Amino acid sequence: MDRFRALFLSILLLSCLAVPALAGPFEDSVAKFANDEFSDTEAAVGEIAASGNALASPIISALQDGRLSADPDSKKVFITQTDGKIVDATTGAAVDKLPDNAAAVRLNNRLRRTVEAALGGLTLLSPDPAKRLAAAQSVFKSHEENLLPTVESALAKESVKSIKQAFAEARAAIILFKSDASDSDKLDAVAVVKARGDQEALALLTGLGDQPALVTKAAASAVSSIQSNLAMWSMVQNAWYGLSLGSVLLLAAIGLAITFGVMGVINMAHGEMVMLGAYTTFVVQEVIRTRYPALFDYSLLIAVPLAFLVAGFIGVLIERTIIRFLYGRPLETLLATWGLSLVLQQAVRTAFGPTNREVGNPSWMSGAFELGQITITYNRLWILCFTLAVFAILLAMLRYTALGLEMRAVTQNRRMAASMGIATSRVDALTFGLGSGIAGIAGVALSQIDNVSPNLGQSYIIDSFMVVVFGGVGNLWGTLVGAFTLGIANKFLEPVAGAVLGKIAILVLIILFIQKRPRGLFALKGRAVEA
Amino acid sequence: MLKVDNINLYYGAAQALRGVSLTAEPGKVTCVLGRNGVGKTSLLRAMVGQYPIASGAINFDGKDITALKPYERARRGIGFVPQGREIFPLLTVEENLKTGFGPLKREDRNIPNDVFSLFPVLETMLGRRGGDLSGGQQQQLAIGRALVMRPKLLLLDEPTEGIQPSIIKDIGRAISYLRNLGNIAIVLVEQYLDFACELGDSFAVMDRGAVKYACDRANLDPAEISRQMAL
Amino acid sequence: MTPHILTRSLDRAATAFVLLVAAVGVLIPLSNLLLPQGSMFQVPTYLVALWGKYVCYAILALSIDLIWGYCGILSLGHGAFFALGGYAMGMYLMRQIGSRGVYGNPILPDFMVFLNWDKLPWYWYGFDKFWFAALMVLLVPGLLAFCFGWLAFRSRVTGVYLSIITQAMTYALLLAFFRNDFGFGGNNGLTDFKDILGFNVQAEGTRAALFLLSCLALIIAFLICRAIVSSKLGKVLIAVRDAESRTRFLGYRVESYKLFVFTLSACMAGVAGALYVPQVGIINPSEFAPANSIEAVIWVAVGGRGTLIGAALGAVVVNYAKTFFTSGPLAPYWLFMLGALFILVTLLLPKGIVGTFNSWWEPRRSTGIAADEASAAREDGISAAKMAE
Amino acid sequence: MNVMDTRATSAMLYLDGVHVSFDGFHAINNLSLTLAPGEMRAIIGPNGAGKTTMMDIITGKTKPDEGTVLFDGTVDLTRLDETRIAELGIGRKFQKPTVFESQTVQDNLLLALNVDHSVRGTLFWRGSKAESERIDKVLETIRLTDARNRLAGSLSHGQKQWLEIGMLLAQDPKVLLVDEPVAGMTDVETHLTAELLKEINRNHTIMVVEHDMTFVRELGVKVTCLHEGSVLAEGSIDQVSSNERVVEVYLGR
Amino acid sequence: ADDTIKVGILHSLSGTMAISETTLKDTILFLIDEQNKKGGVLGKKLEPVVVDPASNWPLFAEKARELITKDKVAVVFGCWTSVSRKSVLPVFKELNNILFYPVQYEGEESERNVFYTGAAPNQQAIPAVDYLMKEEKVKRWVLAGTDYVYPRTTNKILEAYLKSKGVAQDDIMINYTPFGHSDWQTIVADIKKFGSAGKKTAVVSTINGDANVPFYKELGNQGIKATDIPVVAFSVGEEELAGIDTKPLLGHLAAWNYFESIKTPANEKFIKEWQAYTKNPKRVTNDPMEAHYIGFNMWVKAVEKVKSTDPDKVIDALPGIEAPNLTGGTSKMLPNHHITKPVFIGEIKGNGQFDVVWKTPGLVAGDAWSKELEGSKDLIGDWVGKKCGNYNTKTNKCGGQGS
């Protein structure tokens, strides 16, 4: 016990003083990295972590990040520092460049875990609070007994509340698995872990193995309390998933609510407009990647207006060359736009190839945060916000602008609108362009969660029509409520029935619902409709 | 102001207008009369450009507008109250009126007070959807809508159809009010003879797509017109 | 659509059509069987199978035209009835395999053995008998259409709402049939058929007979449709299509009319599917794909909606184009061709091939229809809905 | 308005205490009205008074929120759908002419004929001589004989009005509800229509809505004036048109 | 003309499968091109005949018929999905021609006219599970797949296999999703939950092409790391990864018989020439491409051996033919028309490639019939000795278990 404490204190001391490394077994250990054998690498990590050498932490971090290279011939190992400089791993001396046949030291999952654990031990006392937190969490997971003294000393010193909490939990985790801990310590530990209350806590408690009866009982009650707590949260989680699925459905359908809902064009090429938006994002990112990598985080902000313009422009083009000959014959628009969708798909396939293209998530759209016991991913959250914003803007546009009024007038009675001095052809083109443009920006958002492939649009077209029709054709609010209703219903059904049966159930529900409300959720009523 | 010169119009092979000529002057009401199906509506459609004519010319404000699109004609000041009202059914009354803003300059984009003083019912129903109104209310809305455009030429296709007597009187008063403004030319298509005779400055009776009788207020003989229409 | 003239001239066209199909139905198999292989006039077997498929599609198109062209019911899920008919036939063919399957189980089809099923699910009973399967070919699609239509028409679901729920129906079936648990072979469907009524499905004679039968079915379907549309019932259907509520005020029970043609049309689609399966050799859930149903509607539009002959013609033309464009150097570009075909037909032949031909043939008659938008929209079975908010 | 209760049961059409509102707007307000068998009644009233809505209620297009609507004293019309009501023998001409635009004038009439309307009936229908004579006669009455083979969609507005009247004739219902039959007709035609209605009235019950007072006067029947969804005045044309309120809200000065 | 030998290519160039199959069409074109540079086969040039069955299964059958009867091809390389293979199978049997099928599949088939160059379940799924059990000490299993035959069968086999290794039913979670499923939030969360029971958990994914990108994106975003819950996939290769940013996916696994990253001279040469042929220096290679490479070379060898393209002769000649694969070994066509292949487990790297972390010591022979399934464990395919695809070794009869 005391030996470990001393060891880790000395690591701390050494790394603080940055005393140059000593020659000897440490070098041999490092050299093992050059063997390109997972077992040797594992051994090396263990030995280095225990060596107390100041370079241990940099070496192991480098290994974790793939910045550690080894030359199999000379058995020399190098660290590429985050600033790009290269140093010799045994001496810390700067090196000009990597030898030609130096290759990154490989890891597999088992090793990665070892590395994480080792690094956790090494960074528990790091001055960087983020690292300390990560270390505490990794210790909680690995609950390595020999880290207890370090954890305890770290706990004593810690001043940040949340990290202190994490250390306390890490300590509790270790104690729980420590065979010689006293029952009362263990019971305290159970309480701490129970207070944490999340999946990890549950995992820890269910995986306890043999324990004194008292502890087993406490753990069991903690497990059931965590479980019931989690079950409650899972309702919240389903609701959130439903909202997020709803926002995707809404986003995909909203352009269709214009071209189909307002204009009456059965626009089978709607999905392809979405696809064009996604490909615009791809092109934007491609240019950014090759020319202005620093702008990557802004790529979506740039792509949104561009996608609107690209898809909108193509929409206008389609309206001018095809749709305008078909007003008043909605079913023929089905035929023509279906043809169009085939052409657009194949055009994209020819231009960009048939395979998926990579569209990356900017950093602000990656990852997740925890809210209570649910995980909210940033990309879904942003998509929800974005969708609502698009919806609000569109609604305001239709409601309060002259163009909005003209659009509605033209689509209700084109001939009379012309006699009121409305340039119907311009309005038609703009309306279709608007619907297409919105489909385009939907593509930008969908590129963040789905394939960017020529088939992208196909996978949304049916759902989009369902949403628009379910909500009530011609009513934007209906589309909104329809999308969220279907999204939430789907997500509450999915855990019960499974994804496939859930989807079938939703379809059957739509069919039955339409029997009750033959004109959708927000049906237009009154003689105005029949007029 | 408006000069229709010898126009012919076909629906497919069926000829609906045969060499029709007609003029309308500011401050004057030109009445077009005739039985069902003689081509009155077709004539107005030709004037507003909703249906292409086969030959002939239409002059408005000194310019040939034969080739212009309907909306361009509307922007030059032709207001149209169609038969069957053609209200935008899902727009509210107010929005229906606002569709007339297109040809106007920004500062003119308001609903003239005339409209509400002529048809008070519209003011009370501003928020209701046009399509929900009763037939007569729609007719009033259609006239009001055309007035919002501040037209130089107003074409009315049977505006009294389906209107209660008191409002017919109102419409009559409205038409004479507009005529008396002196800067609007009015073409009134009617079957309601008394109404037409009261308002008209000149008269044309159509039959089978052609004007077969015409006269001025000066030599108006209602009995003769009635006889012409009955034939 | 002036009855005397058009009926008379269509009658001539109808007779010609029936004779043509009959001639094709007899001559192609004869030439295939009797003429020596490789001779100029010999129709190769592969073409017999191919044309057999087209003829089945033509029947499907006809069934769609009956409800869409004449009654304004746009079904975007008619492929479901076709597929159900196909499955009924496929189940019979599966049972006929008997112990010749790879696992040699005399009762269970291979996919069941392979999924460790120990006995035949109840809904597979009876399919070893042809008469039963034949009955099911009509009954299953018919019953589904009847139930679906009974609900939908009574609730007055019309226009796009109806179209979209038919699509939901076929989509739901697609997902259901994909599941292995459902007992119809999952994604792979039913295949590797051996014989039908004791004849080898792959034998030339069987193929020829199936082709002949398909042509016969096409003729019968056509005659039934003709009889319906030229009766007073046909006029009622058109009235329903153009002004459904007005028809009600005249005392017609609109939902019964719709239900009648819808169910009949589903049965026809089922027969088409049943004839299709032995000729192409496989039935699987992709037949339920909404895109398939949409495509079938498009055949009708290309050929000419509301013309019957046009529907059949459209099915053949589009599918021939598909066959033609998907081979050879054009293969990578065939979607361009097909897409362009659809766009051009809509723009240049707004009434489809036969519709345009008709109005060209009788110019005085069909022009000048008051093509005012509202009525055209109604005619299309869609009340072009508008934005309220 | 008090309706004569004793006659209520024997009335052909009996409306009592009917209310209809659309999103809070009361279109029909405690409306009570009876129509005796064989009677012809003219309904007048300001635009928006609820005349068309009343017909919508009788024909089953609109369901009242409250109130009784009886046909022939026994049949509760509020429970029936449009088809059933039409089958009972209530026919209607719409204010805005609605005809089957893509069918010929003749077929429009054929469809309206009062014969077997079942699926089977129409499927196996064979035209009879009597039927075609009926159609010929109607065509003559509505003066569209020359247009019999034209598509109804290509008729002028007034011609469609006539065709609607013709369809009503062909349908030969017990009760005719006629909404603004002479709108858009010349004086001569108006007169002819009045004659026609009087002729039909000999063996049919009729309710006719019109704003053309000359026409109403010519019919010479009892007049009901509706206002804001209920009966404002009832009586002979002279009585009604001298009623102060009627003059104020309807006729004008 | 008779101076060429026609080779049919039956891969979807449009529709949902184009995403995977187009590359295989290009591969065969490339192989034919290379072969022709070497002087063709039997002194004749090879002539490719390309058709597009458009991801439409009946159209596959129609096009197969067309290739064989109209174009008179000597052999066909084609199909990806099992259903497309099932659809063309009767045609190949009827018209007696040869199909080379290059994709991993559920097994349970051995047909005289078909040569299966992709992996059978025992050449992919089982070794992958073995690896996870041994190396990662996995105790709890999520079997996630798209709802169709290949995943269902594979999972069935795996389930039986896992149980035979003592895994409890409670420790197996099976989940199916529809084709093209794109909303993985719930399922990923469920996996997380399932994995928090205190036992090491792994996901075995038979999720089909299109659905993978959103699946992995969701995994990445919800922060499921390979070190916590590794995912091993059977349908995710270099092509699929080309559409995703793989950094968050570091360490997740795939089991294949080939990876582009495997360094052998043959592979390096193949990649170089392929990229030159497609004029795209970034074009990746993948496992089914290698399968076509092997299959194509085997066919060439067989034809040269019998000096004829006559299908009967070639079919008889093929078993026993050996051809080098791209990973340093030599694959052999077996009597059951499957081939021997090495099995590799790769971990996803940050650059969209795989890092091989494990491989079988030698080549594994493909089993047509799964040893794990009750109905098939006694069956073998043997087109050399028994001339039978479903020979029952218990009853010593051809034709399955019955008769």
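Per-chain residue numbering starts at 1, and chain names A, B, C, D and E are given in the order in which the chains are listed.
Rule of thumb we're sticking to: a contact is a pair of C-beta atoms (placed from the backbone, for glycine too) under 8 Å apart; a residue touches a chain by one contact, two chains touch by 3 or more.
As the structure is a prediction and not an experimental result, all values here were calculated from the model.
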Chain at the geometric heart of the assembly (C-alpha centres): C
A-C or B-D - the one linked by more C-beta pairs in contact: A-C
CA centroid of chain A to CA centroid of chain B, Å: 62
Rounded Å distance, chain C centre to chain D centre (Cα mean): 44
Centroid distance [mean C-alpha coordinates] between chain E and chain A, Å: 30
Interchain centroid distance [CA atoms averaged], chain C/chain E, Å: 36
Where chain C touches two or more other chains at once, by residue number: 175, 178-179, 245, 332, 335, 368, 371-372, 386-388
Residue numbers of chain E (touch at least two other chains): 13-14, 147, 176, 178
Contacts with two or more other chains, residues of chain A listed in rising order: 345-346, 408, 412-413, 415, 458, 474, 500, 503, 524, 526, 529
Footprint of chain A on chain E - complex, ascending: 13-16, 18-19, 22-23, 135-136, 147, 175-178, 180-183, 185-187, 189-190, 192-193, 195-199, 210, 213-214, 217-218, 220-223, 226-227, 230, 239-240, 242-245, 248, 251, 253, 347, 350, 355, 357
Complex contacts: residues of chain A adjacent to chain B: 402, 405-406, 408-409, 412-413, 415-424, 474, 524, 526-529, 531
Complex contacts: residues of chain A adjacent to chain C: 261-262, 264, 266, 268, 322, 325-336, 338-343, 345-347, 350, 395, 398-399, 407-408, 411-415, 458, 462, 465-466, 469, 473-477, 500, 503-504, 507-508, 510-512, 514-516, 518-520, 524, 529-530
Residues of chain B that touch chain A when the two form their complex: 48-50, 69-71, 74-75, 78, 80, 82, 86-91, 95, 98-103, 129-132, 145, 149
Complex contacts: residues of chain A adjacent to chain E: 38, 66, 106-110, 112-113, 116, 199-200, 202-208, 230, 237-238, 241, 244-245, 248, 345-346, 349, 353-361, 366-368, 375, 377-380, 448-455, 458-459, 490-491, 494-495, 498-500, 503
